[in-house]
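Here subunit A shows up in two complexes: once beside subunit B, once beside subunit C.
Up next, the complex of A and B:
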């Protein structure tokens, strides 16, 4: 039984002895004192809080409108044009999409796992989307509900044979645009580019390379109707064909 | 005939080696002995601990989180804690384990990326085996593309677990695995449904903590996870399930 001691010696070398030899004395004395983490006064880190705690909590619409207004103002600083502004809004949304994806899956598994944590494996967690359609349904349904409390209004596929990689998600009255009034000379601008960024983050996270843009398409009934144009990359379309042939759903 | 002689030589080496270690009594060795009282140099206790090891094989684990672009975000090595294990990893080739484990795990990424598009579940189970080191790789894929990879390695067979490190282990490892590798791998059996289930529980618990990390506004995807709280959480999950 000397293999364990062997490893333990390695550990002790790497933990204790090495810094003492290699680094100056001051370093060694400061290391144990500052663990590099500041714990809140109530000793509760983010790891101690349950992720489902805020599951049904909604943030107030007024504070969201204020915050989003500030975000648009922030993005508007030193921009060269509308496209640049929309790109910045998109970039603000992108990391949010990546996060929401993980949270969405965690929450949809944990509903079953709270009961499941004992041992029963009957209810399986939802699958990662492998095909474009399942991914778009995920965005259209669960993601929209997580963000806005309702599903999106339409999901369409481009009818043109030239652009089979284009899909459209329609929101008749996007929450982000409710309190945004766009000046006449910037009529092309749609601040839902932020939401487009979220969609892009979700698609990218799942391994679907995309470009998403938001476009105004007002109707008489819905003056702020917005269409999110989702354009998948060539690699995604190729893989889609392979997956279709092999019967993956 | 020659082989038998070789094994015999190995055994004598095993029995004699702890004594030689003691005789040297370098500061490192004394430190070790004080840390792990179970490994007292007494010949009798050496024998009994070997027996226990035969009954309950202790796995060694190496767990790593890789970003979608294959950057390592988090690494940890630990051993079995269930059934009286002390939770310390004892890889078969301790000299090379540090980089070989990473090497083996990264080489399974190709297989993972194939499995990723045929199996939609997050837990992909056992995906790859590296026979020379008897390393089994289990994978878990988060929806946002981070990969959790767990390498597990069954222990040396009883004869070679009794061996001491410091140069002798690689020799013994090779001699041991050729002679009685089969008995140990059945006992440990890293692909059994029980193991898969335990790993699934472990992965789910790590996933929960990973989501908490990812939801932090100060964390960007692709950043190394440095939080000591995260590390203790993963260690606790390892103790609980593996």
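Up next, the complex of A and C:
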């Protein structure tokens, strides 16, 4: 969960040759120094902190709202249109998904193993979802609870026979949109594209190639209701059939 | 003395009047912002620092409203404190203005991020002090890039300098803030140095960004 891998992932997502460019420079500048990062003498590094330390920690809603607002404003200055902006927000969410996935598994196993703490041998390997439904339940429940303190509001499968690979996760009142006011001329914009990126990262991290997008589907009761459309790739659907035949759950 | 009281005020407001979210969501969102800037500015960390400060400034200007509304550390309350302190300690008014910056810094960070930095290292003219961050939620999960430069050039949490500058400017104090150490750089503490530049007399509000 450290910055450099995150940074590296983001670079590799968008542009694979950048790290290579940067390398010759860094080699020159690091020559006189000892390799590696400096660490504080009082052991205040991420390696000395328990990963569950911030599990129940809270911050103010304002801090999130302001940071996210700045993120959107900044992104907006560097894009040409709504789609471009959503793509950018999506890309910023993606690496978080990859990391949150590991965090979720780490926590789900550490709690179950602490329940049976006496027998260390019985600790099972993390339960990575193999089937689509298990994966979507993981997103709808645990992931949503980790991020927003509650489960998502609905999980549906496309009814159309043409698009069996489409699933929908609904959030009636997404936190990310609460403090964003979208100008009239950009009414198509949904800044929950950031969350769509997180979902995409989680799915990809699990080995489910996916495209996820966020769409406004307001109702009278829920004006900022958002549907996340999850579209799995062909390879995933093929594998799903094989797994179904062999009875894998 | 009063720092104890301010931290109690902060704790009280935090418990009763602040809407909350999971701190990890904030940490990760901030992380992705910094990572994006590093990418956009081609790892020119000086520019990243500047941009973070600017973002913080925008936040601080708006955050102060929230802070004043919730804290009640408004002008009246502070005048009373001021009077009290003059009566009891006989401090000059400059010291007291300094004390107000401290109130805002401490309670403000508590309300914003649920951390209370320690105030220390005052200069004798009371125009400069340091905020030491024992905890820094923005930097949880973070390790700077091992490229031989980031640890010397990037101030990962630089947005906080901007937040403080923006917030205090809205209450007529022009300050300058910068980090002088950061555990992410291998230092033993995370310390922000804050200097009072001047008190802003009533004038036209500063231009927004």
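Note that in this section the second predicted complex is superposed on the first by the 201 of 249 C-alpha atoms of A that agree within 3 Å, B and C clash if a C-alpha of one lies under 4 Å from a C-alpha of the other, contacts with A are read in each partner's own complex, and residues count from 1 in each chain.
The rule we apply is simple: contacts are C-beta pairs under 8 Å (C-beta built on N, C-alpha and C of every residue); 3 or more make two chains touch, one makes a residue touch a chain.
Source: prediction; values computed, not measured.
Within the superposed three-chain model, A:186 lies out of touch with both subunit B and subunit C [touch as defined at top]. In the superposition on chain A, contact is made by A:46 with both subunit B and subunit C.
By the touch criterion stated above, A:95 is placed in contact with subunit B and with subunit C alike.
Contacts of A:127 after superposition on the shared chain: subunit B is touched, whereas subunit C is not. Of the two partner chains, neither subunit B nor subunit C is touched by A:154. Of the two partner chains placed by superposition, only subunit C is touched by A:74; subunit B is not. In the superposition on chain A, A:235 makes contact with neither subunit B nor subunit C. Of the two partner chains placed around the shared chain by superposition, subunit B is the only one that A:243 touches, whereas subunit C remains out of contact.
Subunit A residues 1-4, 6-7, 10-11, 36-37, 45-46, 49, 95, 99, 103 lie at the interface with subunit B in one structure and with subunit C in the other. Those residues of subunit B lying in contact with subunit A across their complex are 17-18, 21, 28-29, 31-33, 35-36, 38-39, 46, 49-50, 68, 86, 88-91, 94, 116-118, 120-122, 141-145, 156, 160-166, 169, 197, 204, 207-216, 220-221, 226-230, 233. Within the complex, the subunit A residues that touch subunit B are 1-13, 35-37, 45-47, 49, 51, 95, 98-99, 101-106, 109-110, 113, 121, 124-125, 127-130, 205-207, 239, 243, 246, 248-249.
Subunit A contributes residues 1-4, 6-7, 10-11, 14, 18, 22, 26, 29-30, 33, 36-42, 44-46, 49, 53-55, 57-64, 66-71, 73-75, 78, 92-93, 95-96, 99-100, 103, 146-149, 175 to its touches with subunit C in the complex. Residues of subunit C touching subunit A in their complex: 18-36, 38-40, 43, 51, 55, 58-59, 62-63, 66, 111-114, 137, 140-149, 151, 156, 159, 183, 185-188.
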